[in-house]
Amino acid sequence: MSRHFRAEVLARESLTPRHVLLRLRPLENSLTPVPGQFYLLRVSQTLDPLLRRPFSIFSFEKEEISFLFIRKGRGTEILSNLRPSDQIEVFGPLGRGYPLPEQEATALVVAGGMGIASLFPLLKAIRKDTVLIYGAKTKSDILLKEQLNSLEYVKTIICTEDGTEGIKATVLEPLDDLLQRHTDKNITVYACGPDGMINAVKRMIDHYSLKGFFSLEERMACGLGACLGCVRKTQKGMKRVCREGPVFSGEEL
Amino acid sequence: MSRHFRAEVLARESLTPRHVLLRLRPLENSLTPVPGQFYLLRVSQTLDPLLRRPFSIFSFEKEEISFLFIRKGRGTEILSNLRPSDQIEVFGPLGRGYPLPEQEATALVVAGGMGIASLFPLLKAIRKDTVLIYGAKTKSDILLKEQLNSLEYVKTIICTEDGTEGIKATVLEPLDDLLQRHTDKNITVYACGPDGMINAVKRMIDHYSLKGFFSLEERMACGLGACLGCVRKTQKGMKRVCREGPVFSGEEL
Amino acid sequence: MNLSVRISSMKMKNPVMTASGTFGYGEEYSEFVDLNSLGAVVVKGISLKPREGNPPPRIWETPCGMLNSIGLQNVGLEEFLKFKLPFLRQFDTNVVVNILGETLEEYVQLCEALDKVVEAIELNLSCPNVKKGGILFSEDPEIFKKVIEESRKKIKHSVMIVKLSPMSDVKKFAKIAEQEGVDALSLINTIPAMAIDIHTRRPRLSNLVGGLSGPAIRPVGVKMVWDVFSTVGIPVIGMGGIITGEDAIEYILAGATAIAVGTANFVYPDATIRILNGIEKYMRLYNIEDINSLVGGLIWEG
Amino acid sequence: MNLSVRISSMKMKNPVMTASGTFGYGEEYSEFVDLNSLGAVVVKGISLKPREGNPPPRIWETPCGMLNSIGLQNVGLEEFLKFKLPFLRQFDTNVVVNILGETLEEYVQLCEALDKVVEAIELNLSCPNVKKGGILFSEDPEIFKKVIEESRKKIKHSVMIVKLSPMSDVKKFAKIAEQEGVDALSLINTIPAMAIDIHTRRPRLSNLVGGLSGPAIRPVGVKMVWDVFSTVGIPVIGMGGIITGEDAIEYILAGATAIAVGTANFVYPDATIRILNGIEKYMRLYNIEDINSLVGGLIWEG
């Protein structure tokens, strides 16, 4: 059982022309991840691109592990050209995932764009009523509609910046709405998305004195806390996103 | 009609575990090569490996162009993993090929190991009685036996160093034999193979005052005569294998 | 959209040049590249007399790069003027001659012979100075200064470019060159490097040491261009590992007024045109009217 | 088959070390690498006081390489001795501490504190000297000599290693180090470089400049190791872009008695072990009894 193993491509599905679901079959026993943890995938057999690319665990079963990503640069481009039976080197699970909400607490999940990839397994794991606020630029960036609908405990509020799907708003407006209406302070907020969104959500939960967990992204090399490449400044100094994160609590940030 | 075009992989056939026949379909019109000319293939979509790899034309038809190569290092390894419908960038034909024997002359073709790849299309083009002396280390390095048998004008003498196929000899012994018996001086010798063999054949034809053409290999970058990377010292100074060669006449060398 | 730039008095229709030694004498690539569409063609380094160069093997591939030790092979000044230059003169582009010498006098003579004959002369000073026991002209500030001073006297009409070696303190050498009245600087030349065949235990290059070029060195080139751009007032020609238009823009933002394409020509015979197209695409994307507005456009509050 | 080598008085069971800054304090990789099987663990550069380093972003990928500008972040001497060293002491391997200072005094104090405590001390002199207006200790021969001289006085038991910067005349600096009684040299450190995001026009690293490492620089490292090996008599530790056992052999043939694995750890968490296995495989293939017989084994009649 090692955190470094080979896997075989089962399928590469295009959710949209830019969004890819990569389904892999581990060729060795691997550790069970917690939602919010991530893996480093080696994208090339050659030395270019050199570094591995980090992706949140999207789903994990005994015989299948999958990642959901957006084609962005060279690495994700190569990954999106993988074909069934190709092999790939996988390194993980790494980092700290999302802690589940405490017994009495309700979860409020805020996903910006690709943040949904990291939060989706959390939504599946929280087996009680949960609200998801899911925002993106436009209709075609809203993924997994069916899968979200089929999560029985989850109520989803979709918003797009241009109003082409759901309400025309950023995630912040429905979030503020909800928080204002719920005087119950036992809410735990989970957020993953662009830095701007993270900062705004953080300010909001501070304002309402709520508990929150935030997943951050930073460029990575080692994934193990050794190179000090992926740090973020926190209340307690520089913290490694790959080791102390990627999920940080509101107090830490 | 450009010498730089894309092609689609039709098939990658393994003649032996180490010898690969790569059959391509040009996606643009391309120029008709002469036997002995070569192409530079780009092996990777990424920047590593960076340089193109040179291969002699093995066969050329309107809809198909193919190369025969041995897996040697990183480049040929990647090429041998290509699959049908993959695309690849092809650059050629480049250099000077073999001139056909003159009207009255008989051709004597000497192939050492992979030299057969460059000489096979020549054997097909010389439409008169020709002797091929084809040597290699061992039985499994002797390729194309059936195809050679089906060339009606060609009489093939196979030799292996360990005697596992044909006669136990290097190409030099049957060659010397033949040349001693043929007092007719109107023989043109064609040779392609390792440098040691080329040098020995060259000495031999000089001894018998025969005409000869030799195909050389040197590491290449541009393939166009611009970088001066691929030179060989000749009677007339440094000559570029990619431009003045790869086929040189006996007098030049 | 304006793509034209000036390297001192040399006007170029766009900032794309070829890097010396990688584009032959232009002719070799003319089937793939319309030479009329290049800002300038920089030819293989020319010496007074023809030279044979090093024995093979002369090149070796390395991760994202290559080594070369051509060793100054070239046709010599006379043949260049007689056969190579007339070919290039058919095209509406600037001709830049890179020159190589083994003594101070050779540089001076070459400058004298080429002044006014070509639009620009680029001094490659990464050659061993035979009179000073093989030390490179680019290594010792005194020798460096002396060659430039004497060459400057002979270059009255053409643009004088000095090519900097990455193995020196580029800021220091750039300042010396500027003080001596050089019109423009080009950089970087290849980085000395070597490789060994572990099976034969012999060097991969007959000459043992070669110059590393290609994408591997790009981040080093970008930094040095920025360093020189921040130090001197004369225009900089940037090169080292440029493969795409985006790489070219990176160099321009770092301070290059023009850029040169080297090893990329081996990867794509029409690399210069691809790069030119890539530059135009970027300018359209960001609505850049004038390429000159990008030069040194790096945003940095350091 | 003998794989053991000696770096002065430090005996190593094999020539595989880790490169400072790429292997944390050993602990981080102990799940993937049995630290007992390494020749030595070289830890992240330590300074007297803990340091925060540069703000992110600190790394950027380049063709076959990467840039880093960690900026000396480390736990500081005290915490290292209290928490990091005891962990490493559980293993049967040598511990080498890479040290960083901003003044001559800091180097001297670090040497004093670490002498005898660890098997070897590696001076990283590619740090800016705050007292001399930020000039690097590795840049100026006088300053370089001075730090070594003073540090040497404090290192009485441990092996003293000086790490050379590729941005200097390595032969010259190697000679100075040898004359000052340094026990071994290590090279190369990263090459200063930079990259620009052409879309935002801002540097890819918050610090603008970073160090280039990885396979891209291997041919430069091999040459410098050969240059230093040919110049001095003390052992050389080679590094720069070693990814496979074959790369390690290349460095050894160029003159490295031991080699260090840096960026490769990020490509494969068990890179050190893979490299060790690769070295053994090569030795078996060629029936090499003793790894020491390969050191500087390049065949070259130059």
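Just so it is clear, A, B, C and D label the chains in written order, and each chain counts residues from 1 on its own.
Everything below uses one rule, namely that a contact is a pair of C-beta atoms (placed from the backbone, for glycine too) under 8 Å apart; a residue touches a chain by one contact, two chains touch by 3 or more.
On a predicted model such as this, the values are computed, not experimentally measured, just so you know.
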Query = What is the graph distance from subunit C to subunit D, where chains are linked when they touch?
reply = 1
Ask   = If you walk from chain to touching chain, how few steps can bring you from subunit A to subunit B?
value = 1
Query = subunit A to subunit D: how many Å between their CA centres?
reply = 36
Ask   = Per the centroid of Cα atoms for each chain, what is the distance between subunit B and subunit D, given in Å?
value = 47
Query = For subunit D, what residues touch not just one other chain but two or more?
reply = 63-65, 214-215
Remark   = The positions of subunit A in contact with two or more other chains are 47-49
Query = If each chain is a node and each touching pair an edge, is that a line, ring, star, complete or other?
reply = complete
Key: In the complex with subunit D, residue positions of subunit A that touch it   = 2-4, 42, 47-52, 91, 218-233, 237-238
Key: Interface residues, subunit C side, partner subunit D - complex   = 62-65, 67, 191-196, 198, 200-203, 208-209, 212, 214-220, 222-223, 226, 241, 246, 249-250, 253-254, 282, 297-300, 302
Touching residues (chain side subunit D, partner subunit A) in the complex = 21-24, 28-29, 31-32, 44, 52-53, 55-61, 63-66, 68, 70, 73, 214-215, 243, 263, 265-270
Inquiry  = Looking at the complex, which residues from subunit C come into contact with subunit A?
reply    = 63-64
Message = Using the touch definition from the top, list the residues of subunit A that touch subunit C in their complex.
response = 47-48
